[in-house]
Every structure is written in structure tokens, then in C-alpha cells.
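Structure record follows, encoded as C-alpha cells.
A, B, C, D, E and F are the chain letters, set down in written order, and residue numbers restart from 1 in every chain.
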Amino acid sequence: MGRVKLLREDGLRHDGRKPDELRPIRMQVGVLNKASGSALVEYGATKVLAAVHGPREIPQKHLLLPNRAILRCRYHMLTFSTHERKSPAPSRREIELSKVIREALEPVVMAEVFPRTAIDIFIEVINADGGTRTASVTAASLALADAGIPMRDLVVGVAVGKVDGVLVLDIDEVEDMYGEADMPVAVAPSLGLVTLLQLNGVLTREEFDEALKLALKGAQVIYNIARETLKSRYLGVKVEE
Amino acid sequence: MSVTPSAEITVPKLRSATILSMLKKGLRASGRGLTDFRPIEIVPGYVPNADGSALVKLGNTVVIAGVKLEVGSPYPDTPNEGALVVSAEFMPTASPTFEPGPPDENAIELARVIDRSLREIKAIDMEKLVIVPGRRVWVVYVDIYVLDHDGNLVDASSIAALAALMDTKLPKVEVDELGNVKVDRNSRSGPLQLRHKVVTVSIAKAENVLFVDPDIEEERVCETKLVITVSDDGRIAGMQKSGLGALSVEEVVRATEIALKVSKDLLVIVEKSLTRPT
Amino acid sequence: MGRVKLLREDGLRHDGRKPDELRPIRMQVGVLNKASGSALVEYGATKVLAAVHGPREIPQKHLLLPNRAILRCRYHMLTFSTHERKSPAPSRREIELSKVIREALEPVVMAEVFPRTAIDIFIEVINADGGTRTASVTAASLALADAGIPMRDLVVGVAVGKVDGVLVLDIDEVEDMYGEADMPVAVAPSLGLVTLLQLNGVLTREEFDEALKLALKGAQVIYNIARETLKSRYLGVKVEE
Amino acid sequence: MSVTPSAEITVPKLRSATILSMLKKGLRASGRGLTDFRPIEIVPGYVPNADGSALVKLGNTVVIAGVKLEVGSPYPDTPNEGALVVSAEFMPTASPTFEPGPPDENAIELARVIDRSLREIKAIDMEKLVIVPGRRVWVVYVDIYVLDHDGNLVDASSIAALAALMDTKLPKVEVDELGNVKVDRNSRSGPLQLRHKVVTVSIAKAENVLFVDPDIEEERVCETKLVITVSDDGRIAGMQKSGLGALSVEEVVRATEIALKVSKDLLVIVEKSLTRPT
Amino acid sequence: MGRVKLLREDGLRHDGRKPDELRPIRMQVGVLNKASGSALVEYGATKVLAAVHGPREIPQKHLLLPNRAILRCRYHMLTFSTHERKSPAPSRREIELSKVIREALEPVVMAEVFPRTAIDIFIEVINADGGTRTASVTAASLALADAGIPMRDLVVGVAVGKVDGVLVLDIDEVEDMYGEADMPVAVAPSLGLVTLLQLNGVLTREEFDEALKLALKGAQVIYNIARETLKSRYLGVKVEE
Amino acid sequence: MSVTPSAEITVPKLRSATILSMLKKGLRASGRGLTDFRPIEIVPGYVPNADGSALVKLGNTVVIAGVKLEVGSPYPDTPNEGALVVSAEFMPTASPTFEPGPPDENAIELARVIDRSLREIKAIDMEKLVIVPGRRVWVVYVDIYVLDHDGNLVDASSIAALAALMDTKLPKVEVDELGNVKVDRNSRSGPLQLRHKVVTVSIAKAENVLFVDPDIEEERVCETKLVITVSDDGRIAGMQKSGLGALSVEEVVRATEIALKVSKDLLVIVEKSLTRPT
């Protein structure tokens, strides 16, 4: 297998981006009718749908907590979202990411407002081109806001990678597959909190510090788009009334 | 075990009385005529990683169908034909009452009705799907996901499946002298060949009135449904009574007539969506 | 694979039947001891056992309905009932047929008489030679009657097929496998209702109308046998007293 | 996890007192002697699509066993022998307390007891089941279904399994020069060869009395059971204590004596059922 | 496959033991912190850990009994405990042995003392070299005692085998695999009761009687070790106070 | 679905207040310093039937890891490398709150964190695991069982996995002219080659204080954890925030510093346990 060249001679990435450049980001909220809240988020060709049901009562009473709402979260990939067809059975990866994404949202959801209820978050990866878990955090965050769930801050996600020895922002599938490291990060920028942090790959301490800074920078841009999306929807609703 | 369903989301009594009393007069609460479909929007090629795909909106019902082609072995009794596998899932995004997990009997029934619609009339030219005769063929996976549920999932899914198949391009393959097959999904050898186009028309029955494309409220008050598959040459290519109730023989015959008529428009709509530049 | 010839030159079918001729039909009720009701039904070599438990309380209270009994139905094939050994795992076909058969029985069972209970119907296909779902409907209907469940009518099933261009009644496995269409139908003859209707295959409108008539004709014959079976059992019970 | 069972269907107190007090005197509520089996009816060849089958009624207990032969690969450590797979299911038809679903621990235990009964003594001549030496062999699937449960399922099942195996005829096979095997189930090459016949005898214990073939009421009041497999040459070919209670050493020895004696009659009954013209 | 020779010319077994000789037996109780009781038992290279939780309440109320505690028992093998890696999915063998072991313990546990509770027994086979089920009975019995559950007697297990025509005590994996019979037995020696008895293989009646005697003899030795183990722990606790 | 956990076993209020108020002062209820691990005991070769194994006690936490080598096919995209499969189970022996059954999300996360720790830095020399190039390779199964749970399962498991791998010896294999592989587990061809050694250091956060190796009570009162994998050459080879809470950027950086320092001692301890005569 020939080594894939991820950085071009002009220092740009295989798709023409600069190392610290995001892919085109698109967001839309309120895309579904039967959910309490929903959002569609695209990072380049990565396309993720999130829906929220709740806060609501559930038959599984033993799961509920007396002092807060529980979050239930499923990260799920459509079979045709990936290069090779994904088996419909839940993969260990999907189970892990469901947990990691839930734990990225827990710090900002004001769950104490709705004791003895469940807030259910369903994430469907429609097309996977790298960064699905970080786009999922962003989409889930928007869907929660769209559902009117009070939150301390929006959480947004972005991955930093290392390819051909260089740290790059918002890696896509090819960069993830052939790169040396993938570091997904989710942050609540106004709170200054990191709520998701994974590193798959190897970095020196210096590289790690730099990668973290790059992620924060990218997250801030995505955060601004997310807030803008919610604001224009809110304004839109106003106008319609 | 198949269990009598509880009416998960009940339609408010007043609303359901209105729907039914209007139906008795041949009218629908939405203002639609008895044989009117809701607006249909089709976005072919919605999923880049699929070999073919379509997002379909039928009113507020949203369905995605995607096609993936995989190299596999033919069935022993059809060594020179490809294979077709249709599955469906009702996503928890689509309704507060849908639970995540493997497909339930409703999703399985839907998938099997659409599978038979495509299979019995040989909608796909299976013999064109042979890669190494008798040994390697294309397996066509059609996966249907219901994302938003506002009624008539079968017809929305059948339209999505057809549109996704019409959008499908076969990946290029290389076969070496040992018969090993190498797939290159970045190049395409041409579109999937369809011999027939088919759609389902679901006829709902309530108060002895028959009508098409029930929305979710209409479904909840109607007694039963008859799903009728019609092909582009005007034949009946499948049928399935679905739901608790029953139909008289006369109603069955009348439903068939309605389906044969309405299906023509549906096929035109699908055809157009695929040929317009997207 | 050579094309199988399903119609002989004399116009008779591969097993010597005329196109509108049923296979030998045998029925027996009360064949099991521990069930509330049971029936064994044979259409030619197709052999189906149905058992009913209930109406009864069940631990899964959340399934029950306040205004009627629920029906629960399982169509199940023994591993050795088919030509090739059937895997013991429930197939998608079995799941679909369990639903279709339940929905064929729902219109005649007077479920409103037993609110907050379950009526359980277990169907075991002992030998499969075509028409198992329609024989199952007939057997389940008899087992329900044997269990003393009040019913508006008996439902009986029969399949019509198209082989070598001709519509034929009560198709067997070979005719199903190599024929052009298989249309299982279940009817409640006295009510004039079709409670199960499937078409697997392709028919013109004219063929469909003719096939439906043929099914109704066959169903009437089976209906008469079913009623005779119940009557003689009832008389038999009387005599024994 | 294996869990202490709750007595799903309890025997009325008075009835259970009667059964136990009679047993103390060496008598059974049914009038049977302590070593009497209920009437046994065997219908070999009950299932045309099976390669061998038998319906067995032991009193009101009804069991079907069917044999299917499939071409498979031999186990690596026995390349020149066929394989045997025994399974059992307690059907929901058999008792209001049986749930549909995969076999529970009772069905698994029953299947494994019968599997070992047949396997350890090499009841089937496994070397006769080789089709292509080292590569393709017959796999003998024995599937047991309990249809009606009135007690003593193990012995009814062991009789059914034996009768089904005795009824089994091997399908004809053709092997081409490449070693590919083609099965023709419409012709038969001959009966399955059995080297030994075995039956189980389940000895129940209550009030320190041992007795055979407990019906369902007797099972519910008895403390424990000892299942003993006996071969046609009078050897002990398997054993399994089953149930909550325990036996003294003396009881174990006595149970063995009873089983060795009773098994002879059982084997004669099976033999006869298979040789009479059916 | 060459026939393995299990008896040497001097009449000793492949590992140098006499026919009626046990392997080195080691026992230890109280080996775990979070369980109510625990024990580690070794028969030669066979190594089994048992833990008991309870008596305790459980969420599955429908399983509980009004007049006694229920026992719940799982026999489980670690994937690397066997020669070939064991699949992590529960095998039919594990399911059967869980039942057989539970039923070996039922006669001695005074379950009536704790109605409406569950006593849970978890057995982990760490290394399997023959006799795992009988070592499991011994370990479970010790763990129950360590948990302070009142018992009528200790139950201990040992297997007798027939190899090269000779009856031998406490067979190991090789003797089990290539021998002619394996007869695991569990007894409550003070009560004179056999609580587990299986025979996998073929014996004449005379051989069976002799095998049973040999098992009882071995069990008595193991019983003495088990009682000694509990006594020294009890004394040890005393001393520590 | 991943669900917010209920605090299965709650720490008594007073105890939890003590732990937290001491932490605020930089002290731990156990008397340990903030960067002190509990005593570590490693028993390599604990399981004779494993190809490599280790029992690890970290305070009262007990974990067994075992390695099994099986002959398998390489992944299509790495035809000349062996494969690694890591799994973990939390045994019901370890805690009254653990249920038997397939691994839950916590066990799956733990296994995947350790899998990536080993995989990303290529700790195992995968190219040394080829038996027949392109066709047959060693698959390295690392199975981790938590037997007693007193907190910090990840670090105990990562130590156990590393020690088990260091204990692993490859079975001898013979390859015949047809490429068939025969394994002889009774002889060994040599130790498994490791290119790197890695351990995880889990940093807990409570009251804005960071500390290592939380015991079970500390885990229950802490807000979140950051698991950091460090390699023997002082690089960061993996990271995972785990738990409900969040960290500030400054805390992330500080945690990394702590992990880099502490990991050196851990690696020395593992190294020693494997080289001392056992």
C-alpha cells in the first residue's frame, strides 16, 4: 500500500485547505417535525442529524434520578454513510462514542431543572467523512437548544490531526485514516471548559499543547456559527408570528 | 410474537371525530381529495458515500434510502444473478414512540413488502450484476431509514427505494486472473440497470371510505390499509393487507382500481426528480 | 436449472389436481392437553399445529389494553419442516407472517369481551409443503374456537397461484417456488370479509379479479370442513357426557 | 444465570398430599406401579420433509423428534467421522408457562443429556457418515420439540430421538471430481447405521420412594430425579441428577438397578414400533 | 490421531499419580473485598474463583419466592482458561453447568432463613485442567460459608474417570479428553447425600458402583481440607480481633 | 443508548464530605499524596493455559489479563501484519452492582482506550506476527477481567495488559507446503516482541484538585477523569476524558504534566515484576 501524501508541496492539504482551516460548515435547526428539537450539521461532506425527545417520562422508572433529568444518547451510523457498508448491528465504536458524546453534553445541560425525566438524544450519521463525533456534539447541542432545554453554554466539537508531521484543523476521513494522530475536542467556549477530549495517536507534549490551542481556535469559529444559526431561527420565528 | 399494538399516540377525540365525519362525506380534514397525495420532494444523491441514495419528503414524512453494492457470492440456485437485500429501520428521531434497536415487525413488514415489489417483477436486471460468472456477483443492499413519521411510511419508502436505485452507479471493478475482485468506488462503470419501475399505493379505509396517502392522524383512525404495488406497465406487482381490520371483496377491487390510476402520477414524479439537474 | 413444468399436457397439475381443486384437507381440534384450545390442520402434506392459551393475565402489564384483550401470535417453523433445515433463529419471514396471521384473526375475535387480558396463539409448522400461512390461519381459528373464545366468524385461508400462465387453487411448495404468483387469502365467509391478502408475484388486473374469485370459492369449501369439524367435536363431547 | 425455579403451576395441596401419602405406601395416584411407564405411542416418519422423524406420546406428554442430514466439514480432531448436533425446545404449545424464545436451561440440559447418551457410546456409526474423507461429512441434526408437557420430558425425548434416528435414511449424494457434493433428497442411499440403541430412564424420588416415569403432578411434588441412560447391551451410558434435592448413595444404587431393568422393555417397545408396517 | 497412553507401565498415571490419588488441593477463602464471601480453589492446575453476593434484594421481584431465598448461579470460563481460546459468548455447556452446580448446592443452603431474597453465586474458571465443575462446587460452598450463609453441610466435588480400563480419581484434562468415562460427583459427606451426579461415558454396573465408592473416598479428603480452611480462617479472624 | 448513571453505591454523606474537604487542602482520606499510587502487586504467568497472563492488584482492585494467540487471516489492508483484539469484562464478582452479561459501555470504553494505547504507538511488533505472508498471521487476543473493583480500573487494566503481553511467548508453528498451519502450544518459539511499553495514568478531578489513582470512594465523589497514556519514550500515546464533568484547558495541561511524571515509576514497577524470578 503506497503511502498517501496528505500535504502538498505548497503546504496546503490534499483538499486545498490551509493547516488551520475548517471545512465549509453548515447548520440548520428544527429540521424534523416529531422531535422536540433537531439539527442538521455538516462539516464538509460529513453530515449529521440530531433529534431530541423530552424532557419526558419513560417506562423504565428505575433509570430515573430524583434530583435531575437523565440524558440518554445514541450515536448511530446509517449503513450507507461509510465507504464500506456498515453492519447494522451496533459496533463497539458506536457504543463508546454514545458515551463520550453524552459526557460532552452533561456539563452544559441544566438537568437539575427536570428531575425524574429523561432527555433523549438521537444522532444519525448520514454521511461520514471524518469528524463525525465532533459534528455530533455540535448537532446535539443545537438540537437541545432547539428543544428549549436550558443550557449553561453551547458545546461545539472539532478534531485536530497530525498529518505528515504537521498539526491540522478539522481533519477529514483521508487525513484521519492516513494521519499520525486524531484528537477530537469539544468545548463550551463561554465557560472555558473542555467537555470531550480524546487522543488517538501519538504526540509529544509540545505538539499536544499546540494541538489543543488549534482546537480551541477552530471551536470558537464553529461556536459563532452555531449561535448565529440559533439566533436567526429565533428571529425567524419572531417574524413569522 | 406479534402483539396487538396499543394506540401509542392517540388522536384527540374531537379531532378524530372531525376526521371521520368529514370522511363520511368524502372529505379530508387536510382539504385533500381522497386520491390526492401530499407534496412529494425527492433529493437524489443525498448521501455521497452511498452508491445511490435519495431523501424523500412526503408531506412531513421524511425517509432516506441508500444503496450500497458489495461483491458477494451468488445464491446456489441463481449462480448467474446478483442479489438484492432490502432492510428498513424506523429511527427514534422519527417519533417519540420509536425505540432504538433492531427493526420491529412493522419495519420488517415494510422492508419485505418493498423487497417483493422489486424482486417479483425483476425490477433490477439481476443478470447484469454478475462479475465472475457463478462465483462473484454484486449484492445490492437497499437500506431505508424513516427519519420523520407523519404517516404513510410504505409509499414514502417505496418512492425513496426506487429513486435511490435509479440514482445508483456501479463501482468499477477489476478482476485478476485468479478471479479476485478489486472494487474502485472512486470510478463508476455506469448506472444500475432497471427493467421496471414500481411504486406502492397504500389505500386506507375508514367509515367504508377508501383514500390514499393517509397522514399520521388519518392512519390512527382508519381501520385497515391495503398496500398495492403497481408497475410502470400497469400490472399489479404485489399486495399486502396491513392493520387490524378487514375489507369486503368489493372494497379490494375498488382499491385496486384507485391504485392503478394513482400510481401513474407517482411514477411520473419520481421520473422527473431524477432527470432534472440537481 | 431446467424450467420445471407445472401443468401437464392434459391440463392437470403436477400432482394430478385440476386447477381449481384443493388438496386433501384434514382437521382435528383438541389435540393438546395443556392448551386452552388446539387444532391440527393439514392441506396435503402441509401440517400445522395451533395452540391457544388464554384469555389470561400476563406479567407484561404494559402491553395490556383497557378495552379489549390483546392477541399475541407466533408463527414458527420446526427446523425439519422444510426441505433444507431451517435455522432455529426467528427469520424475518416468520416475524412478518406472525403479524399478518394475527391481523387476519383480529377482525373476528371478540376481544372486547376480555379486557386487560392476553389471548396467545402459537402456531407450529410441522411440515411445510406450501400454503403454511393460510393453513395456519385456519388452524388458529379452530384453536380459538376450541378454546371457547367467542368469535364473529371462523376465518379460513387458502392460496391461489399462477403457474404456467394458469390460475390454480391451493398451491403446493413446487408450484409456489416455480410459479409466477402466489396470492394467500384469508376470509371470514359469513361476514363477507377479506382479513388477509397478499400478492407475491405479478398479475394483470383481470387475473387478479379472477384469482380473488377462485380463492373465495376454495375458502368456502374449507370453511365448511372447519365448521363440520367443530360441530362433530361438539356433538362428540355431548355424546361422551 | 441459573435461578431457583418458582413452582409455576402448583399442584393443589390436597392432591399433592394424596400423591405423597400414597407414595409412602408404595402406591401411585394414577394406579400405576412404581416401575410402570404410561402407555407409549410412537409414529415413525411423521414428518415427510425430515430425513427421519417420530412423534411420541408418553401418556399425555407429546414430543416430536426430527433428523436432518446436512453436508458439512468434519471437526479437525475427527476428520473421518460425521458429526452429531442435538437440540431441544420446549414449545409454548406444551404448557401455559412456557415462553417462546431460545431454549432455556431445562431444554439445554435435556438436549445435552440426550446428546451424551448417543455420543458417548457411539450409538451412530460416525465413520459411515464420511462423504469425502477429511473434507465433507454428514452432520446429523437431531431436533426435539416438546409439544405437550405432562411430565417426564427426558424419557419421551430420548425415545423420540432414538425412533427418529432409526427412521432415518441417508439422502443420495453425488461427488464430482472437484470434491463438490450434490445432495438429492428425493432418493435415499440407505438407513442410518446405528451401533447401539439407548434410552433414558428417569427415576423420581419422593418420600424416600423411587419410581419411574413421573407425570407432571408427580414431578412437582418429587424432590429430585436421576436420569440414567442404558444401552441395549445393558451398560450405563450416562447419568444426570436433575432437580433441587439429593439422593443417598443407597438410593443411587437402587435407582441404577431399576433403570437397568426397565430399560429393556422400553427398548423392545421402540424396536417394535419401527418394524411394524406403518 | 495417535491414541494417548494414560496409564504407564508401572500402573501410575501420566502425571505420576496413583489411580486413587488426588491432585494437590489448595483452598483460600475471603480473597475478594467487594463480595459477601469468596473462595479460590485449585485442584492441580485447575483454578476456580467463587464469589457470593447476598442474601440481598433484587430488582427482578418476580423471581423471588415467599418462603425461601432463591439461589442464582453462574459458571463462567475466562477466555484464556482453556487450551483453545473460549468464545466469550455463554456456551450451552456453561448454561448446563450453572444449573447442575446450583442444584448441587440447593440441598445444603438453608434458604428458608432468608425469604424474598436472592443469594448470587458467581464462579469464574481461571484455568481449566479438568474437574472445573467439581472444583466449582467446592469453591461455591466455601464462598457461601465465607458469606455467613447458614448451611446444613459443606458440599465438595470430585470427578472419577475411567482411563485405559482403570477407574481413577480426580481426573485432569488429558484423562478426561482421552479417557472412557468422566463421572463428576458432589456430596455432602456429613449428611450422606449425593447432590451432583453425572456420568459422561459408559460403565458397567460393577464399574459404576466402584466409581461411586472412589468418588466418596476422594470427597472425604477434600471435605477435610475445606473444613480446615474455614476453621483456620475463623481462628485467624479471632486472633486479629 | 448511553444513559446518565445512577450512583449505584453511594458514599455516605459524611465520608464524602471528609474526602472532599481534605482534597481541598491537598490531602487524601487514605493518607496518600496526590500523585501516589496504591501498592501494586503483579503476578505474571498466573494462568498456565494462557499464552501470557498477569494478575494485578492495585490496592484492593484486582484485575487479570490474559493473552491468547490464534492463527487467523490478516486484515486486507495490512496483509503483512498480525492483528490485535482487546476486550474487557467487569465480572459480577467485582462488585454487587455488576450484572453478568456482555460488556457494558464502561467495559467497552476501557477496552478501547487500552486497545488504542497499544495500537497507535505500535507497541506490538505486528510485522513479527506473520506466519504465511499475506495469508496467515497471529491474532493477539488480550482479554481483561476485573475481579474486584476498588477504583481506577483503567490503570490496573493497562498495567495488567502490559504485563500479560510482556509475559507472552509465541507457540511453535509448523507450516506445510500447502500453507496449512499447525500450532503446538506445548513448545514456544520465543517471547512476543514489544517495540514500546505504555501505561495509562488516570487523573481525577474534584474540588479543582487533580490526583492520581482514585479509589472507589474517591471516584464516586470526583467530577471527572482524564486518562492519559504515556509511552516509555515519554510521549503522549492516547487520551480520554471520561465521566460527567469537564476540565479547564489549564487543568488539561497540568494533568498531562502529572501523567508524564508518574508514568515513569509505573513502567519501572511493571518492568521489575517481569524480570524478578517468579
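General observations
Methods note: a contact is a pair of C-beta atoms (placed from the backbone, for glycine too) under 8 Å apart; a residue touches a chain by one contact, two chains touch by 3 or more.
Predicted, not measured: the structure shown is a model, and the values here were computed from it.
The interface in A-F, D-E or E-F that matches C-D, meaning over half of the contact pairs are the same by residue number, belongs to E-F. If you average the Cα atoms of chain A and of chain B, the two centres end up 31 Å apart. Each chain gets a centre from the mean of its Cα atoms; for chain B and chain C, those two points are 27 Å apart. One finds 48 Å separating the Cα centroids of chain D and chain F. Shown for chain E are the residues that touch two or more other chains, namely 74, 120. Within chain F, the positions touching two or more other chains are listed as 1, 100. Going from chain A to chain B and on round the loop of contacts, you meet the chains as A, B, C, D, E, F. Here chain E touches chain F in the complex through residues 32-36, 38, 45, 47, 49, 51, 53, 56, 74, 76, 78-83, 85, 88, 120, 122, 124, 126-129, going by the rule given at the top.
On chain E, the positions that touch chain D within their shared complex are 1, 63, 65, 68, 70-74, 92-93, 95-96, 98-103, 106-107, 111, 120, 181, 183, 188, 191-205, 208-209, 212, 216. On the side of chain F, the complex with chain A involves touching residues 1-4, 6, 77, 105-106, 108-109, 111-112, 116, 120-121, 224, 226, 229, 231, 234-249, 252-253, 256, 260. The touching residues of chain F, when paired with chain E in their complex, are 46-51, 53, 60, 62, 64, 66-68, 70, 87, 89, 91-96, 100, 102, 141, 143, 145, 147-150, 185.
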